[in-house]
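Chains here go by letter, A, B, C and D, matching the order in which they are written, and residues are numbered from 1 within each.
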């Protein structure tokens, strides 16, 4: 330490009116502290946080040449910022400051005045000892790219993109399917209001397409993510469509002419066929088909065909298209990768896959949809209208063998099905449930409405579905067997059709996206939010937010609200335009680092990377949150948190125990 | 102290698992003989949770468990329902609270007795012993027995292990002293 | 001026506490005027996950009779899971301090949430009582010598 | 191949299970080494009486298998299979129970150190039976009945509710297989003997379903299943399906004569379906 840097400490003991003094003999404390090494001045004053109090500090720094300041008053959670600002105003680095909390920890909680004074002395002395080791710290400001990446083009991603773009930011929306729309595009009606999903959805899809602020990447996937908050560099892979988006007019001739017609339609849940060149559904956005390379005669089987190319008037078909890679500068990322429905095949007692009239809820959505395989008529495979239908709740949910959690939406959509079945077919509907969960605005009312419509609610989880018949008259029907737990009877109900209300699980590929982004997932595979209650949209990685079901099952209103919220978070970040890095972050001394990577393992924020060239760990200052896990994990004492260095903490300990 | 102040079932392994029961009815819905039971299996769990131990001690439910394990592989909380039915029977037998007019406990006794005496089970002997308590039942089986014998399928002579005493000894060594009030 | 240890033994206790929960609980105890013995000396850390085992050992060697660690309840950590990282190290730390002759009971880890002022008070009182009953730390003897 | 075989109490008096098993094993060069001086496994009764006793009754065989120098124990009865496996599982997981069991067995002059793997006769024949080369039984349609305890609770051999191994086996050895939904429905097991009226419906439901799906013959893998399904038809007129053992069908596939396989012991005669051209 050079002579001009020789510590000259000023210590200020606050009376806090009548709050600290007279319980603590502040004058006695000041007298005691004055005698300590390096203490240039020790004063007591009525209100240190008042303007005259702060001015006293500023003047002393200037006139006495203080280079360290200690204030003994209230909790630093109250006034640390105030005093740091005062120190900064006087031209000193604000981190040359330490506070001793002699109000909350001493005067207010100690009965005996003498004991209180002793404790205060010791605490102020410890603050003096600590501030001796303080170092000047800087925060850094980094500019933020004014652009948002949204991953996933379902209702969550679309809404997040629209909200962000409406705020004036550039949005890139990446969707791996040929069209945006996600699951909601497959629905017919939505609970509890029964609005037509297409009517509220299609305009939104068009808005997304036409919004000048949104660049749409469909049939594309996020390939690589580098950088940090405000400065992500994202590589998007555009899979070959084999159709030139700029030339295609969406006339649909290619699809009519394609000779490969017997491919199960993913969009219709395998209940109808599509061609090899296809758009998943008529209202697809963009209205540009893709060629399914596995099934196409030219691409998949090396045969002569090219019928689509022959009939395309704008010459948009391009069999030689290759994947394209686009690099984007991104300020904030919104993850909206959604869910997929649980496949009920492994619940073998329900016979899904064995009995043609056992449908999953997604299949039923299509069966019931005007754009679906039956044009919205609920028909069995034999073309007949079902006379009696059973809807089975909690298939794969609340089941420790499958998904232990409640999937939240199944009770409500089951009752929506019941209503639609009653309305469309007049069929008798039996709902088998464990508990009806209808916590939402107008949800319980909807339950009551469906009850009134004559749906039979049986409280009991279905034990099995069988095609064994008791009565020859029921030949060809399925029998649903369950205990009706409220009457303690085993009921065997012959039905024509069964709908399995399957639960939700994270979408296929969320693990990969999680890895790309550095996001952690919970035991069920959903992305972890930063805080379950207070930061439900943020993630441990600064600048990355969550929207919709990728964070956990939720219904459409919650999804949209969350998407708007996530966009709000992103907008707040972009609007400010800069991020200030924290001063109290980790630093790894490259001279001490042994390259063991313990710190990398311990870091929750993926903020430490390994420099292969120098064989040392390096902290990314923009990502580090200063939790100090690395410091405690480092076996070589190379990692440490600034402002919580070994010297500072141990100096404080030593002084407290004097 | 009356015996239902403390849980006579408390020593059962996995008894903790019944705390997880959500009363969904999968066990009873899967049970081939649920209609004969005075309580659904799940109800026994609920009764135990309520402390109604006497109800469970006198229930016929465990005695109608056929050990088909359908409930056990389907229970969404993975409660070992069948294993618990075995354990309940063990406690009930020890406490001597099996329903008096119930056929199954007598059948079990006849079966167990036959093993204890001979080491093996000879169906005709089990039926004969059981028939002493339920003569009507035994009589009902006679036509079938005759048919069986005609096809060489009725063994009247007792099957035995070489040293039946060793099995009797096994029974003695594994005897659990009965709780006496 | 060595105090007679037998009659008026006043244990010295260091508490290393997390800023986000236990430190806040201590502030709440203060605003609620919940008194507790004055032998506790608190050090504010950002997270229990940053507590280096050597800080604890240092405290004992410098004469602390007890060391209290206060962290967030599992699941509530401001840094996701720093508290659990510390908890994992706890067994190792206990082994180290007992190597040095300090009883494991002199080190105590508790989760105290930000809103738990009364719990904070209760924990302090209870820990001081425990340490009082245990008597002076073995290091005290060394220091006198 | 040599196997260590545990017949169980119902094996010898069953409708030709013993005859067909022995004949098939002879033909396939499988040496059946019966556990000398085996006792009753305790079946579903003993675990409801006394867990230690039930475990020891079963474990007595594990000690015997050990002295015979075998690693596996094979049985043809579902109840024996499930009971022995239950005991094996408990001994494997419960150290204290293992020690107590060892003590009792020691008192009886037996030593138990290791627990054999309990297998079903079906597994053995699945490995040993050759693929069919003849069309003789191509038109004989069979419904396979597994009973409860082959695949439950372990679900190790196959799925617990809708297994398929027996169907695959039968198809492979030359029979026409009829898929049906009663494969692991309960027949009432030992309850069927004394609760005849209450349980008759269970067996009838199974028989009706198998007949309904077009099978002419039922095949089983357990003496009690066979007995229940067979005897349930003595009072009931339609449908009537002979209830065979899978070993009897395996014998037929190997060209053995029905009499050699004890097929004459069935209550519902199989003569008609077997002699049909």
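Everything below uses one rule, namely that a residue touches a chain if its C-beta (ideal position, glycine included) is under 8 Å from a C-beta of that chain, and two chains touch if they have at least 3 such contacts.
These numbers come from a predicted model, not from an experiment.
Novice: For this structure, I'd like the pair of chains sharing the most C-beta contacts.
Specialist: B-D
Novice: Take the average of all CA coordinates in chain B, do the same for chain C, and state the distance between these two points in whole angstrom.
Specialist: 57
Novice: Roughly how far is chain B from chain D, centre to centre by C-alpha average, rounded to an integer in Å?
Specialist: 22
Novice: For chain A and chain D, what's the span in angstrom between their mean Cα positions?
Specialist: 54
Novice: For chain A, jot down the residues that touch at least 2 other chains.
Specialist: As it turns out, chain A has residues touching two or more other chains at 349, 464.
Novice: Scan chain B for residues touching two or more other chains and write them down.
Specialist: In chain B, 70 touch at least two other chains.
Novice: For chain C, jot down the residues that touch at least 2 other chains.
Specialist: As it turns out, chain C has no residue touching two or more other chains.
Novice: Taking all chains into account, which pairs touch?
Specialist: Here the touching chain pairs work out to A-B, A-C, A-D, B-D.
Novice: Where on chain B is chain D touching in the complex?
Specialist: 13, 32-33, 36, 62, 64, 66-70, 72-73, 80, 82, 85-87, 89-90, 93, 103-104, 107-108, 111-112, 114-115, 119-123, 127, 130, 134, 137, 140-141, 144, 147-148, 151-155, 159, 161-163, 166-167, 169-171, 173-176
Novice: Going by the contact rule at the top, pick out the chain A residues touching chain C in the complex.
Specialist: 75-77, 101, 103-106, 108-112, 115-116, 118-119, 122-123, 126, 520, 528, 530, 532, 540, 584, 602, 604, 625-629, 631-633, 641, 644, 646, 649-650, 652-654, 656-657
Novice: Quick one: which bits of chain A touch chain B in the complex? Just the residue numbers, please.
Specialist: Chain A residues touching chain B: 349, 394, 398-401, 434-435, 459-464, 481-485, 488, 490.
Novice: Under the stated contact criterion, what part of chain D meets chain A in this complex?
Specialist: Within the complex, chain D touches chain A at residues 159-162, 181-182, 185, 205, 208-209, 212.
Novice: Which chain D residues qualify as touching chain B in the complex?
Specialist: Answer in residue numbers: 9-10, 12-15, 37-40, 42-53, 56-57, 60, 79, 82, 94, 104, 107-109, 148-149, 152-153, 155, 160-161, 184-186, 188-191, 193-196, 198-199, 202, 231, 234, 264-267.
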